[in-house]
């Protein structure tokens, strides 16, 4: 495989191709007749995914450094260039995005009946935006993608959304906009100060990262600005209230992408920018206490509120708040296990929550309601659906053997040494998770089938099965054999930790741990 | 992916059947996959399902036996670990998916596959009419494979996979007939209660990883004495958290309430999961981690205390239950209490021993009850009556209609009552003896012992009551129904017979030297338990005392039986439909001390209220969203309105504004 | 050469003009007050011209031209508005607001 | 001495007239008081030896512009409208404004050519207006030699040629505008 | 590099070529309409003629710019520098686009008096004098020429009381403001003895200004702050923009505002760099107040036209923030943002004009509901303009804002930057609803948007602007270089702490 890839100089063009292809793809979709739109979109996204798949082999885990890097001058007088690259952290975010996109297209197959062309074009634009955020190594480029990605999602929610879509759309937009604009100011201040200190005014990630220590006393403010932008995206309590609205109103694919990719941008931002730039602030005692507390609140609060939601989409939305709390905890515990665990949660949550939203969407297509109370006992009429639903729910509960467990376990086991009490509290999340998901599960697919409207439900169609199958496989695979993923992200996680090492308080982790023989 | 490394951790087992240990897990799992698929594609293909479902079990059992003999031959001093694949390799945390073969896991392996196989067989008859037949067997197979992961896992996380997996299966099987809300409620309850326990298990793992630096059994048990101070806070915390996990899984106080509800599932499930195997996982865990518990005397005492208390408490509830399965359920809880008393007294062999015998006779009791219910159900079904087929008040005098069942359940009753030479006698006696002996170290153990003895009496009493109400006296089923009562088919009675034999003779595997035996199980488990026992003293009691104890135990059991039988038959029992509710303490017992209601009032409702009324509606919607977010937007709009209002269209106003600005500038510009 | 006093006088007249603009509702009179302000400025120019030479006076011519032009246009506008609202009272002229 | 006296006389009259102009109910009388002010200013211009400007002041302002005003007032027949003065609050405001504005601007009274020079050159040595601002004396001389008109005309058509041309554009625009707006029918 | 000596008539004529050409052209147009001013055709003819004039003038300006014309020594009365040419181009673009929009607007609104176009031309001449004036008097006269023309244009719709009222308000307060401006000139003249900007700039010593000059500066700022509609001198703007004919509103929002800023820049950066410490706080405060008030009040406007009016007030605030550092960088920032703002605003008003009837005062969000499905291109263009005004990445508006932030932060003035971005967030609160209403709400009735088309020329203008918005949004290098060069050519004494 590697020979083949190198023979076609894969590494030299792949990232650009990934970013360009969707944009170019928008053209035929907009021009072609509406009925072809979805087919075109499907093929384009599949092609994109196949292209990106090569990264799995082409990426060399060896060093934790950026790979496939490329630089093209854009605004030289401002020290801005199109700089992209990819490491073990972004690799999986990229694969997740490209992998989910075809499923989203399939998932919208019958859901979207109006303005298809615009819809699928926007999906592709969104894809570029998301990939750009994960690949950008220039803060200007990063910011541009970060913002640009807003618009397609804004339209997707606003045009194809539910009843209160306008409210949800503008709320989503404004929330993110506040944060990101303050981040913009922070970026500029940072570039200026670093430039003043080093004499080189550049938005290059490496340059800023290397000299971030020169920032001095303005660092807390800068960190605050970055943190706010990312905290809103994650979302961390109390910046989360846009999420339920956006999720509930967005069409299926929108919710899926929101949950699976967009939320991860927040945590990704923390890992890539906020913490490495300002470790002395981020990992200082005060901020650590605040962030860990917020993470714990997120875990428990999200779970408890999710438990009492009448709308199943809202339920999943709040459950995301809860899951992302684990990620934040993992990031702030900053041990190898916790960080890799956080990444695993990001991936795992992407798969399982994505699947959940697809399933809810399928229910909605059949019954045009999302109220849990309207269902019950449908396992009798849609056994396959119920089986998948149960499996996915269990994955999201964190049943060992499925992907949810790996991440949560690693996060918790890694965090315990540093924040025992917080970790203990966070662990209660597993109880609440079981509580809200099983309760919902019972009220939707179990109990007696008393609502006559549910009697005629159809089980999964082949298309729907095709949408869910990859996710289910991923869920099981990552649960049983996450090693390939863990191996690929470990070096990057290590180099991340090396950056922040000097600013960490020591943990009570047992030194010289027992060696155990390693199986292949 | 499943290639193995032969880590020569222990002589002899490499190259034997033990290498194929993973197959014992894989076989039932394959059964699950096939049956699961069938349940979607061909729900009617019951023969195929039965063949596969039972077949995999038989094969697994055969393999288990081979492994047993391999182990017997090698009798390794250390567990033989079969590495399958590297599961969670993160830096120093290297978790492999690996199984370990040693004496303890072999015992469990035999129990699970053996008893499990029998119960599969029984189910073929019991569930034959059910529409969800393939699904049922799929779940059952899945359970067995998870249970085996639990007992074979060579590290805490792998064990945890099985630990939660069996919980899942019990959830699915309890709620097997999910369209009755009560059933799915019971399933949910079981899962969540177990989760609370798993919370403890997880924290224990974190503590172990943090303080010992590994999660592999071998490494942990080797390192623990060095890294953890004897009786120190850390090890106590670890063991107590583990114990929390056990109370969840093994239905001990305070997390026992799910087990009686779990009877909502099909009876064979109750036999397999909620009597023979899963619920005993807690005992297995304590025995497995004997080193840790040996390091933490406090925890051991707590374990014993909880065990004794549960034994007594549950037994009393059993006195006033009318549902035959409920009686057995509480009896199970109570017997599990004994096992914990045993392991809590650091007599791990005793605990495991009782685990084994209990597996035999309790499975037998449940299956017997199953065939009784089966008969009753048929009777009522034939006459379209809606009486409760499980209420003992509707039974009576059944010995005439189903003699086999009667005889076998009789054996089981004697066994559980601890009448020699039945299986229960030896195991229970060993536990009580151990508890008494520990009393020398810490008098509190005497209290445990006392509770144990009283529990033994009550056990005998309610078992006798059960037998009397079910099989003796005259029949209360009803005139027409009576004709339809008959013995179950052989596919169901067969397993009963086998179990009957085991309940009869099972005790022989560990007859103490005192009674001329040679404590087989004790020696068998020696290598596994030695490290733990090495950390403690095994208290000695004089033979005379031991004889006295044995006598007392037997006497108590016998009296209990007689009194229970007499007391029950002395009263006239009216069928459930015409019976008036109990009063006084009887009602309290009938309502299980209102513990469920208590939990509901104290925990469930407040939590839901907090989440709904406070967190969601107040905090989330009103404060954060209302005041915070929309409040800001509103404030901006209000300010805008003010500005818009000042823009009132009069030139005068504009001039004023102009001048305000002008004057301000003129004032500021001149320093 | 009375520089200070003239400047002071121009300041006073300017202020009075401003005050007039504040006080009058009649568009025409208001405009006259503005003319008063311009005159004040002219005075300042002329006074300063003593120090800085003729240019100050020259500027005054331009100012006058401007004043004339504004007067022409302004009065035309006032006529135009009068056609719509039979009044030049600024209190009756507030269709546009908010 | 004489000059001062005359100056102050006209100054006082101008101020009073201005006051009356802004306070008179009747637009016509207000206009007339404004004319008065302008005459006073013209007189003062003479004192400040800007005779030509004084003449133009009378011709253009008092003569042309104010006539235009009166004409419009008559035309719109708002002459005897009821008071167009604003209410008490505005009076208060006006007092405040005049106070502050005056407070800011009146310090200009202390200005002498010397102070101007000093402030500009920032050096005691260069405190002589004739050196720092030679144009002043030059202007005076020009008036001597070339007479009032010539003195003004010369810079007007040389230094200030461009502005002069711009004024022509300005007037053109004004004429067009006035015509377009005021004409009844196009 | 041909140096013009403004002392000689030849040099002066060449230096003034664009202004002279445009004035002459306006005379020609005037002559033409003197004979032909009856029918729509006549007005159309006048319109086309004036358009040619604008284009021709633009050509001359570009030619002079390209030939690198400059002045020998201190330039008297007129500057011949990049800033003048850049601003002139802006004014001409604004004028040309306004003319194009007027072509069918005047006929639709029956404003059949071809002098309309003459006034636009004369107003443009005035603007060009403001942008190129090297002398306070020229600045003042240019401003007056512009104002007089625009007063009239605002009131040009004779049948509309709104139009007349707009004219009156604009005129009265405008004249009032020019009184202040003039007084300022007088005092500056008094304390320096000259009116030439660069001379003042070079002669005024560093440090504290004398009393008279300070007052003069303050009064000048007041006078110009009115023209750029900075709070609290903005009160006229919403009403006037609202009442005036929409193309005129466009002209005012772009040309007049730009001219005001050109004048302000000349005064502050060219004449008073030494008084930085005195005017910077004032500019900063005004900028902040303007941004806040403009955006907040725009938030509650229902009619689009009025909303755009307030938004242009808010943009005055951004532009002031751009001017704040008072360096050459600031000037180029200002130019870039002015260009971005002009393009976007023109396009927005063009679309607004195409949407409306009798003054468009009644066009609200509800009227454009569902426009996207009926008039996709129109909707897309408007949406893009809104995003650009919002300063969204990918549009030139973003480049402008980014540049402003960069230069402001470059001077360490973070508060200004933070206020700027926060108020931008507020502005999203009224720009986005426009997009929402067009794309996310159904039309009130199926035939709602019938007959809401644009004439080809107008659509061409919009298309041009939108393309510009996008292209420069993604590849701003050309305008950045242009702006920097033209700002650099501005004669200016060297400043403390100029940005990188």
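Each chain gets a letter, A, B, C, D and E, in the order it is written, and its residues are counted from 1.
The working rule: a residue touches a chain if its C-beta (ideal position, glycine included) is under 8 Å from a C-beta of that chain, and two chains touch if they have at least 3 such contacts.
Predicted, not measured: the structure shown is a model, and the values here were computed from it.
J.: Provide the labels of all chains in contact with subunit A and in contact with subunit E.
T.: Under the touch definition, subunit A and subunit E have B as mutual neighbours.
J.: Using only Cα atoms to place each chain's centre, name the chain farthest from subunit E.
T.: Comparing chain centres, B lies farthest from subunit E.
J.: Which two chains meet at the most C-beta pairs?
T.: C-D
J.: Grab the C-alpha centre of each chain and report whichever is closest to the global C-alpha centre.
T.: Smallest offset from the overall C-alpha mean is found for A.
J.: Looking at CA centres, what chain is most distant from subunit C?
T.: Between subunit C and every other chain, the largest centroid distance is to B.
J.: How big is the gap, in whole Å, between where the Cα atoms of subunit D centre and where those of subunit E centre?
T.: Once rounded, the distance between the two centres reads 31 Å.
J.: Please work out the Cα centroid separation of subunit A and subunit C, and write it as a whole number of Å.
T.: 66
J.: Where the centres are mean C-alpha positions, what is the separation of subunit A from subunit B, in Å?
T.: Centres of subunit A and subunit B (C-alpha means) sit 37 Å apart.
J.: Report the inter-centroid distance (CA atoms only) between subunit B and subunit D in whole Å.
T.: Computed from C-alpha means, the inter-chain centre distance equals 104 Å.
J.: So which stretches of subunit E touch two or more other chains?
T.: Answer for subunit E, listing residues that touch two or more other chains: 137, 141, 144, 148, 151-152, 155, 158, 167-169, 172, 176, 187, 190, 193, 211, 215, 238-239, 301, 429.
J.: Can you list the residues of subunit C that touch 2 or more other chains?
T.: 7, 14, 17-18, 21-22, 25, 30-31, 51-53, 55, 62, 66, 69-70, 73, 76-78, 80, 90, 93-98
J.: Going by the touch rule set out above, which residues of subunit D reach two or more other chains?
T.: 86, 90, 93, 97, 101, 104-105, 108, 111, 116, 133, 135, 159-160, 163, 167, 170, 173-174, 177, 179-181
J.: On the basis of the stated criterion, which chains touch which? Give every pair.
T.: A-B, A-E, B-C, B-D, B-E, C-D, C-E, D-E
J.: Across the complex, what residues on subunit D touch subunit E?
T.: Per the stated touch rule, the residues are 104-105, 107-108, 111, 116, 119-120, 122, 132-133, 135, 159-163, 166-167, 169-170, 172-174, 176-177, 179-181, 186.
J.: Within their complex, state which residues of subunit C touch subunit B.
T.: Residues 18, 21-22, 25, 30, 90-91, 93-98 of subunit C touch subunit B in their complex.
J.: Would you pull the subunit A residues touching subunit E in the complex into a rising list?
T.: These residues of subunit A touch subunit E: 75, 77-78, 115, 143-144, 147-148, 151, 154-155, 158-159, 165-166, 169-170, 173-174, 177-178, 181-182, 184-185, 188-189, 192, 195, 201.
J.: Using the touch definition up top, name the residues of subunit E that touch subunit D in the complex.
T.: For subunit E paired with subunit D, touching residues are 12, 16, 23, 26-27, 30, 37, 76-78, 112-113, 115-116, 118-119, 122-123, 125-126, 129, 135, 137-138, 141-142, 144-145, 148-149, 151-152, 155-156, 158, 167, 187, 190-193, 203, 205, 210-213, 215.
J.: Mind pulling up the subunit E residues that touch subunit A in the complex?
T.: By the definition above, subunit E touches subunit A via 373, 387, 392-394, 402, 405-406, 409-410, 414, 417-418, 421-422, 424-425, 428-429, 432-433, 436, 439-441, 476-477, 480-481, 484, 500.
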